[in-house]
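A, B, C and D are the chain letters, set down in written order, and residue numbers restart from 1 in every chain.
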Amino acid sequence: MNAFQPDMRVNIGGFQMKNPVMVASGTFGYGSEYAEFVDLNRLGGVAVKSITLEPRAGNPPPRIAETPAGMLNTIGLQNVGLEAFLTEKLPYLRQFDTSVLVNLSGYTVSDYVQLCERLSEAEGVHGLELNVSCPNVDCGGMQFGVDPQLLGELVAACRRATRLPLIVKLSPNVTDIVTLARVCEEHGADGLSLINTLLGMAIDVRTRRAKLSRGVGGLSGPAIRPIAIRMVWEVARTVSLPIIGMGGITCTEDALEFILAGATAIAVGTANFVNPSVSMEIVSGLEAYFQEHQIASVDKIVGTVQVDG
Amino acid sequence: MNRHDVRSRILEKRFLAPRHVWMRLECDWDPARVQPGQFLHLWLPELRDPLLRRPYTIYRIRPGEVEILFQVVGKGSGLLAEREPGERVHLLGPLGRGFALPEPGTRALIVGGGVGMASLFLLIQRLREQEFEVEVFIGARSRDYLLCRDEAAESGALVWLATEDGSEGFAGLVTELVAQRLERNPPERAVLYGCGPTPMMEALAKVGAAHRLPTYVALENRMGCALGVCLGCVVPIRREGTSRYERVCTEGPVFEAAQVCWGFRI
Amino acid sequence: MNAFQPDMRVNIGGFQMKNPVMVASGTFGYGSEYAEFVDLNRLGGVAVKSITLEPRAGNPPPRIAETPAGMLNTIGLQNVGLEAFLTEKLPYLRQFDTSVLVNLSGYTVSDYVQLCERLSEAEGVHGLELNVSCPNVDCGGMQFGVDPQLLGELVAACRRATRLPLIVKLSPNVTDIVTLARVCEEHGADGLSLINTLLGMAIDVRTRRAKLSRGVGGLSGPAIRPIAIRMVWEVARTVSLPIIGMGGITCTEDALEFILAGATAIAVGTANFVNPSVSMEIVSGLEAYFQEHQIASVDKIVGTVQVDG
Amino acid sequence: MNRHDVRSRILEKRFLAPRHVWMRLECDWDPARVQPGQFLHLWLPELRDPLLRRPYTIYRIRPGEVEILFQVVGKGSGLLAEREPGERVHLLGPLGRGFALPEPGTRALIVGGGVGMASLFLLIQRLREQEFEVEVFIGARSRDYLLCRDEAAESGALVWLATEDGSEGFAGLVTELVAQRLERNPPERAVLYGCGPTPMMEALAKVGAAHRLPTYVALENRMGCALGVCLGCVVPIRREGTSRYERVCTEGPVFEAAQVCWGFRI
């Protein structure tokens, strides 16, 4: 028996979690779909699928395609909309002892502000995640995610609209992620989620058609992990906001890679599709690692990766 | 619900045709709780390429084991076909909404194209157990690819065959054979069930509509999670006048053919 | 016997090749290393390892790390330098009936200009490829690759320094590849190479050290193919320069994916390490494809991918 | 040069210890043209993860076949260990510069750590064929991991054993045993050959330097191409006063220990 009990709690700018393991937006529905495989009480947190003010139908099929160690998707923010989320989905999540991060997306600053206001009144919402990086709709926030000026305005407006912890989920499709992270910090964000999907495309050589209906889509899965790790590391070295790291996590070792790079918490995305209980396995795996190495708490190793030169 | 992720092993494997494989797998699901047309999502553990699982219909099920019947089309099915008895696979299931049995006294016309027959055998079995009149229409490219003919006949169903090259039975598409059969001798009360490539399902929907028969088809689509979460597997469905995207893995794979907005691409 | 003889020749802004298959810079040395596996006379072209004015020692080990369906490298432009290239390496390549694209890199515009001038005088150089995208040295041209202003000046200066076909190899680590491609077009480039490696990082969880000596490195291999295909498609739709497509090509089908997306020629990189004769297999595979589908010449299918909506 | 990419099959496989595997593979290289210490670059065809090949020393070679001896350390070696006779692998080789035999009359002291012995057996064999005096120092964690002791003894070499846990032979590091042996009875003319983990090679270099013996070590490094192209496998080497990066796959894997700038990381 190991008497050593590490403190697994983490705090993303006020968004408190009992352990650093989350599930990523869009890869876990609204929680109930995984009920047979995951004990939500064991998860640090759940980021729900992006919510918009109105329900959205999403893009036509085909919406997904497989690539080497990755997948492309162009779901297009299909979701039930704010009202149905509040009345039909949130009550389910409230039953569990886990932190709920509501991911939201819109066309305009006003969309985001309204969502922030309405969600701040709702019981059982512990934090808000601004999706400024969805590549799959013509106006899915992606314009905010690549332009420092627009991003600053959006974050400032949302900051005024809520007292909930405000986390900005950045796009990796940028030249300089650090500048965008700094803008979030300066305009009052409490934390960052890194990374959303990379823009990609695949072609069916037989039919000579794009594999996705909209041509391009978002690349996720193990293939992108080295890019995500790099971005987390770059941002963690220069910006003081806590980071939720994600992109290709499939096991405990991958999760640790993100923590060492500078993430305070991590989120499992695509891997949920492959192994529905993977988030549970990572919760146990991290606990075992901290015990074995007698690490008292998560912050002791966040960002401690050594680089030679 | 009633879904499990089973760490299974391959018990037996056989090639039925050069690219058609039958496999028997360890699996402890209760056969009584599996609907005909439901499927499982199969993972070759630890692989990153292919990354995703692959959906296969539950061909047969008995206590302790499940059978699938699949075609080698790409990387995932290719690797699976190479696996030998004793090797590990994970099975997520049973998934989706299967075929509902008709009102007593209804004649069931079951139409399978190629490996689509894999999705229909359990239905034939259940229908025959309850002594429905069953006619099975099996279509394939050529005679070597006609699946389940003996099993269907043994169950007491009437079996019709169609091959595109005319090497056995009716020469042409199986849906043409169904249309002929219906024209020559229109049944009193009947229902159509189908599984096969999407264009064939669309053709079957037309046959069903022309003869005003309720028609149910099992659709395919690329799948991510198969649990209703990723929204990757949707097809356009018309309900109460408005069309919307529904998930093949959750609302399907069986849909009422008249409600499907055909013409989508998968 | 198939009597149909497709015309496999392609022309990248004056850089003529007998077929569209090249090998990518840094993955084929100076040609001689693969002599036992590849008949250089069969290749459309060879892009040699980046040359700098002076020899370069490169970065300390470890220099490579594997990632899912990809690899990271931080070679750091180790090379023999211009003089040794001209006297020791180029004569070997001159023996073969293949087009030689010399990839060059520098710290300053003047470095690039000098290299262009010197190489323009050399016999057996058929084109120049400006590497403005090496992520592995503090000043490896990457600053040019992400800044439209600097890039324009560099391309214009090199244009004045050479009459050889001038191809610019762009970095994928940017928000908007199309703008940079346009800048190249406006300043006199003859073609584009897309893409160089993506910035990535990997951490050894056991030792808690970065797997590469410099922390970050360049990600290549099948993992990045969807990103490369997307960039080729975006650029091909909006810029009229011919494109050499690369990033994760491992077989004929992958090569066709790039051509359908808009690449006139393709280059095989990392896959050479895995299967040294892969470039030959792709030459034969493309020929067979064009014959089978009775496609008269390569340009008939360049950029012809269909996208639904 | 003389390098080939052979489409080979596994002929035989045996576990020598829980994580030590011996394999015999089809291979038509001319044994006479293979130097001891040369290696091959092994690919499990079509896999994308792991993407790269894995380097393994040629343990033994006969007309028509080659043997390797490897340790399961990660994904690549793990997947290889699971492969069965009949399955396909590609072998690129023979690669690198191996061990040169010494002047006649020189005593050869051969020092192998763990699976490093795999790189030394061919050297022992060649030296004994030419009737050199050979002493072999085999080091391992514990007795179960002492490799090639019988083969070395049968060749007529004098065999010394060292285990870190003292379960057999000298209790301690094999390089300490070598140092003791050299102090107690310094040989007239001798040469040291070594293969094992990098820190052990560094220790051996010190022993060699202290006794003014020419010392040759086979180094390891991560490899991309193994053909000298990617420059991924370099280590710092001092030649004629200046140090520079040399490729383990091409200038190595065997280097003169005194020329290696130790302290690099692989």
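Just so it is clear, a contact is a pair of C-beta atoms (placed from the backbone, for glycine too) under 8 Å apart; a residue touches a chain by one contact, two chains touch by 3 or more.
Everything quoted here is computed from the prediction, not taken from an experiment.
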Tell me which of C-D and B-C has more C-beta pairs in contact. C-D
Chain whose average C-alpha position is farthest from chain B's own: D
Can you check how far apart chain A and chain B are, centre to centre, with Cα atoms defining each centre and the answer in Å? 36
Go ahead and note the Å separation of the Cα centroids belonging to chain A and chain D. 46
Could you pull out the residues of chain B that touch at least 2 other chains? 48-49, 265
At least two other chains touched by the same residue of chain C: list those residues. 60, 68-70, 209, 213, 221-222, 308
Which category does the touching pattern between chains fall into here: line, ring, star, complete, or other? complete
Which positions of chain A touch chain B when the two form their complex? 26-29, 33-37, 57-58, 60-66, 68-71, 73, 75, 78, 209, 213, 221-222, 250, 270, 272-277
Complex contacts: residues of chain B adjacent to chain C: 48-49, 265
Name, in rising order, each residue of chain D that touches chain C in their complex. 1, 3-5, 43, 48-53, 90, 92, 221-236, 244-245, 264-266
Per the touch rule above, chain C residues touching chain B in the complex are 68-69, 222, 308
Contacting residues of chain A [partner chain C, same complex]: 60, 67-70, 72, 146, 173-176, 198-203, 205, 207-210, 213-216, 219, 221-227, 229-230, 233, 248, 253, 256-257, 260-261, 301, 304-309
